[in-house]
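I've put the structures underneath this note.
Here subunit A shows up in two complexes: once beside subunit B, once beside subunit C.
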Partner chain A sequence: MSSSALTGSQAQRAATVLVPRRRSWLPERTQSFLLLLPSFVAIAIFVYVFIAMTLYVSISNWRTLKMDLSLGQPPYATYLSMFAQPRFQADLRNTLVFTILFMGLAVLIGLALAILLDRNLRGRAVFRNIFLFPYALSFVVTGVAWRWIFNPETGINLFFNILGINPLLSQFGLEPLKPGWTTDPTVWLQVNKVLAAVWPPAAGLRVQLGIPAAIIPVAIAAVWQLSGFVMAMYTGGMATISDEVRQAARIDGATEGEIYRHIIIPMLKPVTISIVVLLLHTSLKIFDLVFTMAGPGPGFATDVPAIFVFEQTFRATRYNLGSAAAIFMLVLSGLVIVPYLRHSLKEG
Partner chain B sequence: MVTRRRSVLMLSLVLALVLLPLGAYSATAAGPSGGKLEVFSWWTSGGEAAALDSLFKEFAKVNPTGEIINATVAGGGGTNAKAVLQTRLAGGNPPDTWQVHPGNELLGQYVEPGYVDPITDLYKSEGWDKVMPKGIVDQMTKDGEIYGVLCGVHRGNGLWYNKKVLDAQGITVGATMSFDEFFKAADQLKAAKITPLCVGDSNIFASAQLFENTLLGVIGPEKYLGLWNGSVKFDAPEVKQAMTTFGKMLDYQNADHSALSWDQAVKKLMDGECVFNSMGDWAYGEFVKAGLKDNVDFGWVGHPGTTGSFMIVADGFVLAKNAPDPENTRAWLAVIGSKAGQEVFNPLKGSIPARTDVDRAKFGPYHNWSMDSFAKDALVPTVVHGSAAPAAFQQALFDSVTVFIVDRNVDAFATALVKAAQESGFAE
Partner chain C sequence: MTVEPASAAIKPAARISVVQGFTWLVLLLALGFYLMPVFVMVNNGLKEATNVSVSTMWNLPGQLTGGGFAEAARKLWPNMQNSVLMVVPATILSSLIGALNGYLLSKWKFRGADILFIVMLFGFFIPYQTILLPMVRFLQIIKLYGTLPGLVLVHVVYGLPITTLMFRNYFAGVPTELVEAACVDGAGIMTTFTRIMLPLSIPAFVVVAIFQFTNIWNDFLFGVIVVPNPSAQPITIALNNLSGNFSVDWNVVMAGALIAALPTALIYFLLGRFFIRGLLAGSVKG
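Coming up: the complex of A and B.
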């Protein structure tokens, strides 16, 4: 080939010079083990030992600033009292409603944006950046900004006056449109009575099971922040779908809409699963967005377990109750993440 | 050579790491001069911040070269600040001094776990044992040692009103107000399409304060004290009556109450959008900062039914154990308890001095009214600010009030409080 090719014996000598003899005094397996050891130790201490300590505190009697690590009688008493509290029941209701709203809207809007970007419009890169910018903000900034937007006196409600909607309504003798947003304590679609027919203890529940109106603005803010991220993941997923598939479908006579509905979206299923898992585990642990935007809310309409942990641990100094709620959140997140990891690691 | 450069680099890195912590220790100052003082409080709103600043200026007269680190955490009633403080104390990084309420908060949360040092000697050397009322000093005493000094005493059971709006509506408020008079005025205002009651409970302590004042007004001071020593239970008929009255008052509040903080609600009152506000007299500082005049633009009266009682919400400071600068901290505490310090701090803050020997002429009409009341009325502690009951009960009260505002279920509210009292250990 090239003039710098070596002859056979020269090549042999070069090989012995260029490849140094391994002088390691440890076998390779031990080397890799030692390299990973600091990470293992750090994770073991700062994650698993701390989880074990939290678990122990949750079954202890530590209820004031003075540490009291005696075991509770019975050990699971704190968990029982936690589930009996109307506030925690409201938290569970809010987490469920928020998760469904947030995930549903974020996936749908993200998918729609990704499809729009897929259409090769002019200025695609600009729009892609605009949609992705909110993800770069911290949840605290988003919470504060949307809090101002949804303030019933000085926020978005002013638009109903400016755009003439309210004057129009009052002309017809109707109430002006002035939603309370995060200050609204109403719970829609209450199912307490229905549930009580099936499960009698539900009749004694103080918390109203339904959709709290106040959680909707919080879900809107979260969707605004994360739909760009969903869009980015779907765009990445669509990029892996080769053009030949689309061309073959077009040859077969499919319209653009049918191509998306029957081919592209089903092929994006692995991406959808990843997105669902990531969003789910964000919404189970969400704290900063809800805390800065609405706090626990009127009648705990926007309270979430993370805020419960914060207030019980640091305000009420009830360390055992806060730890029990934290362990519950861990179990809940684990139920979601662990099957996903097993599934994805098995494939690889 | 490469190895020689590397070893020099390693050596300098090691030296830097070793010497770095040594640089953090500054030379200890002999006596209060130079040095740093970290003052931790939750005084961030207008009047409060101005009052704190005046104390800093007094301290600067004692120690002109000292640097004051103003560590504040916003949030009414100290709800956020106490959380931050707890983590610092548990982590062994205390501020030099911090704001406390006497009673359960000081003795249970800071004295018992051993986070503060006693300052009984300061009381003797500064002569405070002669000028501060024994009743409130006892609230900070444990086993004969005194652990804090108070800078001001707030009255918790106050009702503020916008005098201009009331005058325009032809409603006069006398020296006392009963619940009937309140509801009559509130109905008249509601008919005139003015919101009667301003509440700002984005931090729920404001509604809990309204409840606490109403409770005191309905059951009276003796039974109120009985709640905290277990002789009166939270499901007694009088307490349930108070809860019903509280619910009735909530019918007159502004619709956006959960979006406003307590000082934003006071601002609404100043703007005339609503008329009455039940709040302690730290609200007075807001009026002063806005430049309003006592009895001209705004007025006050004891919360309905509570004339003859003075709910003590006192603020004081402590000496941290292992404080970074104990000399400066003791100088600061001396300033707080001094006549000059109390005379300059309290007019701005809205509280009255803890000392009984201050010059009354320096204080306006409201303070003189409050000092008269403090001298002769029944003194009761507050639970909303951590004095009367442990923190766990305080949080349970807050949670129960949050749910009650929405579902108005008096029986469930009473049962929840009884259970919380038992769990906190101060009632059978």
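Coming up: the complex of A and C.
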């Protein structure tokens, strides 16, 4: 590093003596453009052309191994049948429930850990390192480990015996506690009737709207993996807030709790926005974790759009249906990402 | 409850220790939550096939032997090699090209350079489900479908947006006078890059390379789509197959999960500072 800095200052000194000369016929800006061209072309093909192709397949009649690129009648026919499918409706419900659970818990836990460790505490670095560690792992590793922890025959359920809860229940002649976790098809708090009363078209829904019990363990595993990331983001944000801010508040008589509630957390709003957008984006396209931990689940209780795309496209060879779901995912994450990119690029 | 006199009676020092006690309690509970899956993997991975049972998951292994590690290592070794053969070239190429792009986009802006950058950056945020089907067709046409080079190509191309962003941000902080001076001295665009900017960017290069290594090693989707042949698959896919195979004892699966996690875990604990910088650079856009 230091040697190249030296080269720079030498060059600067030399500049006053030497006459500038060009090494190439082409102006530098043109060279720069030409050097970027291969990357740009690759992205143009792999991102934009491919998306256009998927979009086209989604409005075509291609739904078997035999390629059929004729346009559907009407072109959006596949989308209509997709939204009418109980499985896809379940996916939308699951994505909504998963997103709320996962994001809510990850942000709260991450923020709490960042605040608890935002002081001189023995072993602070060790705590931070351990809390962030799952972020370095593959979703597949997480899925495999948590799949066993939430296996009804072992894992968490053993604690109901170890802690004496089940022996106690059996003494009273009650059934032992043995949740099925990811294998449980129950949907809690069904709101179909309520919704249909308020909004009649909802009566046509072919899925039980509510909280699928099986999605909760998956959300917990996702929180385990990503709450450390939230903590690290907040820790990074807190490091940029100068101590003078806190000192001034303390002099004014604010308690530590008030300092966080009224000063630090509001100042961290840009970090919070980044975290929410990134977690939302992760949640909308989540695949590996759900696929390895639970799969589509009983009655599609843990199915998500990404698994739907995978199975329709690469297992069932219903290419137009898989593509339509993929385009739907793109639109959904575009709604989150485009305003965010616009905002942060404007600032940068 | 009589809250009023109690809070008045607690002296400031005592109140601080209550807060501290609470902090420690919460931190230790959190520690239990974060370490539990790691404990499950280590504890059961170390058990022998004969004494691994679902009803004794939380019991410690009786005697310390190799447990499921030897068999897991034997089963996963070819896939481990595949992962290395994929991740090393993909990391180096995507970081190098990203460095060049970032340098050009920050120091040699042509008309429309900023728009071009945003158009590229968008590629980082798409759900990859949107491109899988055409990508498979494309790889089949160029005869790279089902091969590791095909997987490397995919990881390099889809890695470019984020590596370009990270290097562009880094080079934006490097004084432009350095580039101008080098050019006046007769160095061209590429010479300035290879001789001055690239050596200067080594700290950023480490951050980007770690970021890419972790992402590519941990990938599942591209691996499972691009390489259907089990013997050519990266380790994450092999681990998932192992876990779904009912004839494999689960002490082997737990040991396998640890083996698959080892490279990124090592990087995390040895180069944690760079890892966190990559996390922040890769997530705070702009």
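Please note the rule applied: the second predicted complex is superposed on the first by the 318 of 348 C-alpha atoms of A that agree within 3 Å, B and C clash if a C-alpha of one lies under 4 Å from a C-alpha of the other, contacts with A are read in each partner's own complex, and residues count from 1 in each chain.
Rule of thumb we're sticking to: a residue touches a chain if its C-beta (ideal position, glycine included) is under 8 Å from a C-beta of that chain, and two chains touch if they have at least 3 such contacts.
In this text, all values refer to a predicted model and were calculated from it rather than measured experimentally.
Participant: So in the superposed three-chain picture, is A:G180 touching just subunit B, just subunit C, both, or none of them (first/second/both/neither)?
Facilitator: first
Participant: Touching A:Y135 in the superposition: subunit B (first), subunit C (second), both, neither?
Facilitator: Second partner only.
Participant: Which partner does A:N151 contact after superposing on A: first (subunit B), second (subunit C), both, neither?
Facilitator: A:N151 sits against subunit B and subunit C alike.
Participant: In the superposed arrangement, which partner chain does A:A77 touch: subunit B (first), subunit C (second), both, or neither?
Facilitator: neither
Participant: First (subunit B), second (subunit C), both or neither: which does A:I265 touch?
Facilitator: neither
Participant: Of subunit B and subunit C, which one touches more residues of subunit A?
Facilitator: C
Participant: After the superposition on A, what does A:A316 contact: first (subunit B), second (subunit C), both or neither?
Facilitator: In the superposed model, A:A316 contacts subunit B only, not subunit C.
Participant: Quick check on the superposed pair: does A:P298 touch subunit B, subunit C, both, or neither? Answer first, second, both or neither.
Facilitator: It touches subunit B, and subunit C stays clear.
Participant: Name the residues of subunit A shared by its contacts with subunit B and its contacts with subunit C.
Facilitator: 151, 153, 310, 314
Participant: How about subunit C: which of its residues touch subunit A in the complex?
Facilitator: Contacts found on subunit C: 23, 26-27, 30-31, 33-38, 40-41, 44, 54-55, 57-58, 97, 100-101, 104-105, 108-111, 113, 116, 118-123, 125-135, 138, 154, 157-158, 160-161, 164, 177-178, 181-190, 195-196, 199-200, 202, 214, 217-221, 225, 236-237, 239-240, 243, 250, 253-254, 256-257, 260-261, 264-265, 267-269, 272, 275-276, 279-280, 283-286.
Participant: Under the touch definition given earlier, write down the residues of subunit A that touch subunit C in their complex.
Facilitator: Residues 1, 3-5, 7-12, 14-15, 18, 20-21, 23-24, 28-33, 35-36, 39-40, 42-43, 45-47, 49-51, 53-54, 57, 109, 112-113, 116-117, 121, 127, 129-149, 151, 153-155, 158-159, 162, 224, 228-229, 232-233, 236, 274, 278, 281, 284-285, 287-288, 291-292, 305-306, 309-310, 313-314, 319, 322-323, 325-327, 329-330, 333, 337, 340-341, 344-345, 347-348 of subunit A touch subunit C in their complex.
Participant: Sort out for me which residues of subunit B touch subunit A in the complex.
Facilitator: 79, 82-83, 86-87, 108-110, 112-113, 202-204, 255-259, 390-392, 394-396, 399, 402-403, 405-407, 409, 412, 423
Participant: Give the list of subunit A residues in touch with subunit B in this complex.
Facilitator: Listed in rising order, the residues are 63-66, 85-87, 151-153, 180, 182-183, 185, 206, 208, 295-301, 310-312, 314-318.
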